[in-house]
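Chain nomenclature is as follows: A, B, C, D and E, assigned in order of appearance, with residue numbering initiated at 1 for each chain independently.
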Amino acid sequence: MQRIGVFVCHCGTNIAATVDVARVVEAAAKEPGVVHAEDYQYMCSEAGQLKIREAIKEKNLTGIVVCSCSPRMHENTFRQAAERAGINPYMVEIANIREHCSWIHKDIEEATEKAVILARAAIAKVTLNAPLQSGTSRVVKRALVIGGGIAGIQTALDIADAGYEVDIVEKTPSIGGRMSQLDKTFPTLDCSACILTPKMVEAAAHDKITIYTYSEVEKVSGFVGDFQVDIRKKARSVDMSKCTGCGVCQEKCPSKKTPNEFNRGLNTRSAIYTPFAQAIPNVPVIDRENCIKFKTGKCGVCSKVCQAGAIDYEQKDEIVTQNYGAIVVATGFDTIKLDKFDEYSYSTSPDVITSLELERIMNAAGPTKGHLERMSDHKPPKSMVFIQCVGSRCADKRGKSYCSKICCMYTAKHAMLIRDKYPDVEVTVFYIDVRTPGKNFDEFYRRAVEEYGVNYIKGQVGKVAEKGGKLLVQGVDLIDNKRILMETDMVVLATAIEPNPDVRKIATMLTASIDTNNFLTESHAKLRPVESPTAGIFLSGVCQGPKDIPETVAQAGAAAVKVVGLLAKDHLVTNPCTAKSDELLCNGCSSCEKVCPYGAISYEEKEVNDHGIRETRRVAVVNSALCQGCGACTVACPSGAMDLQGFSNRQILAEVDAICR
Amino acid sequence: MQVEKTQEFRPKIVAFCCNWCSYAGADLAGSSRLAYPADVKIIRVPCSCRVNPMFILRAFQRGADGVILCGCHPGDCHYTTGNYYARRRMTLLFSMLDYLGVENGRTRVEWVSAAEGVKFSTTMNEFVAKIHSLGENVRLGDLRCKKD
Amino acid sequence: MQERLIERAKELLSDGTVVRVLGWKQGDLGYNPEPAYFNSPEELKDFVYDGFCGANLSKYMIAAGKMEGNTLVFLKPCDTYSFNQLIKEHRVNREKTYIIGVGCKGTLDIDKIKNAGIKGIESISQDGDTLKIQTIYGEKEFPFNDALLERCTVCKGKTHQVYDELIGAEEGEEAGPAGNRFEMVEKLEAMTPEERFAFWQNELSKCIRCNACRNVCPACSCLKCVFDSNKFDSAQKANVDTFEEQMFHVIRAFHVAGRCTDCGECSRVCPQGIPLHLLNRKFIKDINEFYGPYQAGEDTDSRAPLTDYTFEDVEPGIVTERGGKH
Amino acid sequence: MYQIKKDRLPELFAAMAGTQDLFLPIRKADQTNYGLWTEEVQVDLDTLKTVKSGKDCFFPQSETLYSCKKEDGKLSIDPAKLTDEPFVVFGMRACDVQGLKVLDNVFLNDPVDSFYAARREHGTVVAIACHEPEETCFCKVFGIDAANPAADVAAWFVGEELYWKALTEKGEALTESVKALFTEADESAVEEEKKQIQAIIEKLPFSHLDLSRFTPERTMELFDSPLWEEMFKPCLACGTCTFVCPTCQCYDIKDFDTGSGVQRYRCWDSCMYSDFTMMAHGNMRTSQMQRFRQRFMHKLVYYPANNDGMFSCVGCGRCVSKCPASLNIVKVIKKLGGEA
Amino acid sequence: MHRTEQEQAELLKEISGVDTKKCMKCGKCSASCPAYEEMDIRPHQFVSYVQNGDVKALLKSKSIWKCLSCFACVERCPRDVKPAKLIEAVRLMVIRERGGNYLTPDEVPELLDEELPQQLLASAFRKYSK
């Protein structure tokens, strides 16, 4: 029989003003097993904790119930106090009589009665508590960053600079990400490549950073401190150690009709290609789907022209298995598909483009070598219309409910750059709101209007139609309350951004939670913004929510610090509230295994002695290092063999009974 | 056994709340001083998927008049998938209880995030009101557990 | 057909494919054959296969799988669903089992015959669509179809889901009478909660907690049932209170939900004639409606509905919204 | 001997129930079991065998022995009240009546079971002769005469009449209390019925089972028979046979925590259950074969050995018709008795 | 029955099923409207007028007879506000206030016009049959 001590906290007047603390003590003292009950002003104070420690020693207590604030607040405090007095910290239960009682009830009678019942439930539970031992698990001093954009690069650099090994896995043939596609950046208008390339080079040169490009994460197992990850290095068909990056192969490649992804399909590329000139690594890949050699078996031009003999058609995908202590997700974003926005004629007119396409058009290395021209007839436009919020702030299924955050600013940038370089081009921006929170942002936008004469019209465009080589824009000016019907040469859509479509697959592998928009969920919206609720998984960049470059870089650094904080530990303490299977009751039916999100349950053929019957049975075994203690298995188990330590069937039933008594 | 007709009906309500979202939501309701009747007593479980149908039946056996299960919103489960299993289990269980002729308002599932103190409080107020309208649970109780 | 089965069993015993045969043995009344093991060709003289061989032998294969050597088992089409489900749950040993899928014309319910007032039955024989019943009170006749077990009036079909060979189950065989198996469930759903409560009170109060339903159920294959262990303080041997009837049957149905193949054994064996299949079918109906059609035992590797989910699953509130009457 | 028209039976029931509880076969949800008579119930005297025997009326499936409570550190015990009011059980059959005698030997001998004794003392049994015995019946094997049930009152249905004859003092007293409803009748009225019943019984398939091998001397031989291993195999280990049996008397004692106290109750147990006679060290019968053997050895060997040769089977045949695996005591008697 | 303007606004929301609070004032409805130039009060204004309880102006507006019920605004509204349903509701309110049909079904054929869009006809007939 447990010897239980009950400690009722006044919390100043927070509890004592609505709960008759003395009556709670009196009632608790009568409960079976209770040998000590007292109250105190502030149980969490050093003096309060001392009372607990003294009582444990004097009365030989084996179980502690503290009636106080939420266990989310001070459970740890009281567990530590108990531990210091020599009893197992998991022999402590909290009755939440503040948040769940005194703060929400006014009537003292009612509140006191409820506090007594909550205390009773905690006493009933602690009666069945058993000492639990936390285990420890190792921390592998190596981090994985998934995604090699600016977020991933920055995170990797910061972790590596702190002295830990980092691997970057990038799906495309080069690191650089979206930022490498941008021409200029707001609000300072510096060239994107000029500020990104040095970072890329730094990452590539860093002796603590290993970069896997053209690679994907294939499988993740393990848990915080010790994830095991399979990385699939897709066959590049080019030997990285031999290639000099001379580029002859790309020039000579006869298959040049593949839409160029880097230029958003505005021009084409060869089947063997590097996405862009500054690519890191500067080693091409063969796109096997479009390569004549792979399609027909004939050709082999690249192999013939390669002086270094780097072309290797036989190369196979390779799986690299590596252990990591922490994983950072930096999978970034893409623009949404516009197939549901027919009113803007995006899919029918080549002169209606997205902002990201405009970036490529404006870029000196882009499809037009930086000349602003219409994609239909390659003539320079005389007027341009920008439409904001295309697919953002949408309540219906066509778009996204959120604000994409960056569009207002890049549109101002585009408008400004165009007016600067081509002053004769009329630029009109249709907007709903102009949102410019950020340092020097509103000033930037005002300059576009005031200095560069960009025409901002409040009102969404209803329709864009092609008419005689021109685009007819039908809108409305909400300020003047008049219809606008204007002809223009180009229309640029500020297309909503969305998380990279691959993120759902990755999140599932990582058991990291994801919201309805596919953004990864942070552990706490305010206080833990760069951590996933899944321990050991961190978030960097737009995968967590829309953000611009400075914010991304800031978050990348923050994620890196969190990773470093984790990797700096020698070992981690594991949660002892894990599932446990009673092998005498287990049928080996596999129901539990199917619902375990952590792959913590496996099966063994085990010799059991069931009351004298000896036989070999297939029984479930829980890996307590993997188990996170959710309890899904305990309900899936029909025989009741699976139970959860710390929240056992009998403990919860005891609470139910005590409450309903 | 005589039930005092004059005495005001004070329902017994058990609320199972997952540790990560709903229990925190209840804490937020508390720190925001959002009142709900004292008839509701919360049991903390790690996840909504920890709640066994037997716990719910047991509560009714012991005289509970209503049982509510709160967990993280689908997609937000701390354990990724727990509430999806809970959702199926509870849907089927509630449907079965309804089929047996138990008033279906006596059981409820609500997804309450840690940020939804208001929702927690409103939900509990609504639920208590519903149980008041249904009255005492007689169809799923155990006579032996009635205090006489 | 019986002769063909015996012949084949003898062959398989003689050539060493199997060391024992699990089938049905002639009873001492016209209608009570029992499941039995036959260890030698000679013992097979007592083998019988007729309309009263309703017993689903799948569950016996859990025990048989632990015995030395291979076992030949005869499975009717609907029994094979149970066997498959047991394979899925790692409860039987497929390697050590030789399955002969036997054709089935429907199995019979002796109580239906007795309830029609036919007493003192000495023997029963089939003549076309009619059962000829010899009793001490004279000869009686009874239509074959009227004597079918409820489950056979809503036959799942004549296709075996797993077997090594088939006997008497020819291709394209007509399915049995295919009634709507959810008819009674729907009827109950259409009642008011008060009526439903009264219906189930009436039925469940008959329960004597003999556990026949559980022990015969191929899905109830737990080594130790929760109702026999103290894990939930749920071990009770009798229904001391009506709550216990509800608790036992609801939880049992819940535990087999998504695993129950609707073999109907529970209702067949209940000494008090409680229509237990109506509980299981309610879950089956709900699962089909909420999560898409699912037939347990059709395969050996799919996820059961309760160990699966989709992001878009209906919310438990559907029960209130759908509501039924109040 | 008295007689009363069948259609006046409701009046008879009302008269008996006026002064005491009346239990009789009631049809509910398509099954017939003993229950308390009220005007609403559907009395069913046509069904030969109720699902559960009338044993329930004297030895209920579960009954509370006492309840206890702890309040303010003090324990109080409240024993259950023993039956102290008279009651009538109407409609039992000869086999069930014999079943009570089997129970009597167990519960009324020292140490006396006070709960059972109180019910036996206050209960009056009216038994009906079996008009149409069925193929599962084999009471004759145990020397029971279904045409002459040996209860407090014996009754016969002949045509539209019920004939009534008190056999004991309790029976006389009951008869006295409802005599106003009866008319006098002649014993000869039921002679033909009795003969008919006995003639049918002669023809029943199980009426001539040979019990000669079931003797105390053969205990070990029967116990060690290799046949058990073969016979038990289809057994599902359910308790159907036990719970429908009029003579099974094993019970388990359990505690129920009501939340505010503890109720100690007893309920029928079944030797078929794996936790039957489970003790702290484990179970002495570890296999189903052993439990299966226990049931039949008890009925056919151990009990008679201790009770002057009285078998604790009465041939009611309930297990024959209810066993889910079609096992039954008849198959055992035949097999062990050397017939099959 | 006499209603205050605020009650009328509530009624309009109820009839139309429109939640005017969802409007983010982007103007896409008006920008999409083919009858925009004909209207004195524009589709986007209908939403804010109802939101502000200014129903009298709407009841008098000629816009309600100019709306073609083409549902372009409903289709394109990013916030799923459905201005056309609101306009339809105002129309209904006018018709009901006038105390019944002021055109009989026989009169409809006379008004038929080859160029009249089918949708308008359907919607007009619905209006008259109320």
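List of remarks:
Everything below uses one rule, namely that a residue touches a chain if its C-beta (ideal position, glycine included) is under 8 Å from a C-beta of that chain, and two chains touch if they have at least 3 such contacts.
Note that the coordinates shown come from a computational prediction; the quantities given were computed from them, not determined experimentally.
For the pair chain B and chain D, chains touching both partners: A, C.
The fewest steps needed to get from chain D to chain E, moving only between touching chains, is 2.
Any chain bridging chain B and chain C, meaning touching each of them, is among A, D; the list is complete. The chain pair with more C-beta contacts between its two chains, of A-D and C-D, is C-D. Centrality by C-alpha centroid: the chain sitting nearest the overall protein C-alpha mean is B.
When chain centres are set by their Cα atoms, the one at the greatest distance from chain C is E.
Separation between the centroids of chain A and chain C, computed from CA atoms only, is 49 Å. Measuring from the averaged C-alpha position of chain A to that of chain E gives a distance of 45 Å. Centres computed as Cα averages put chain A at a distance of 32 Å from chain B.
Centroids of chain C and chain E (each the mean of its C-alpha atoms) stand 63 Å apart. Annotation for chain D: residues 256-257, 259-260 touch two or more other chains.
Shown for chain B are the residues that touch two or more other chains, namely 52-54, 58, 62-63, 75, 81, 85, 89, 142, 144-145. Across the assembly, chain A contributes residues 595, 636, 649, 653, 657, 660-661 that each touch 2 or more other chains. According to the touch criterion at the top of this document, the contacting chain pairs are A-B, A-C, A-D, A-E, B-C, B-D, C-D. Touching chain D in their complex are the following residues of chain B: 62-63, 142, 144-145, 147.
Per the touch definition, chain A reaches chain C in the complex via residues 584-591, 594-595, 603, 610, 615, 617-618, 636, 638-640, 643, 649-650, 653. Those residues of chain C lying in contact with chain A across their complex are 66, 88-91, 221-226, 229, 231-233, 255-256, 303-304, 306-308. On the side of chain A, the complex with chain E involves touching residues 343, 389, 393-396, 398-399, 432, 458-463, 474-476, 478, 481, 483-484.
Across the complex, chain C meets chain B through its residues 185, 188-189, 193-201, 226, 232, 234, 240-244, 246-247, 250-251, 253-254, 257, 279, 282-283, 286-287, 290-291, 305-311, 313-320, 323-324, 326.
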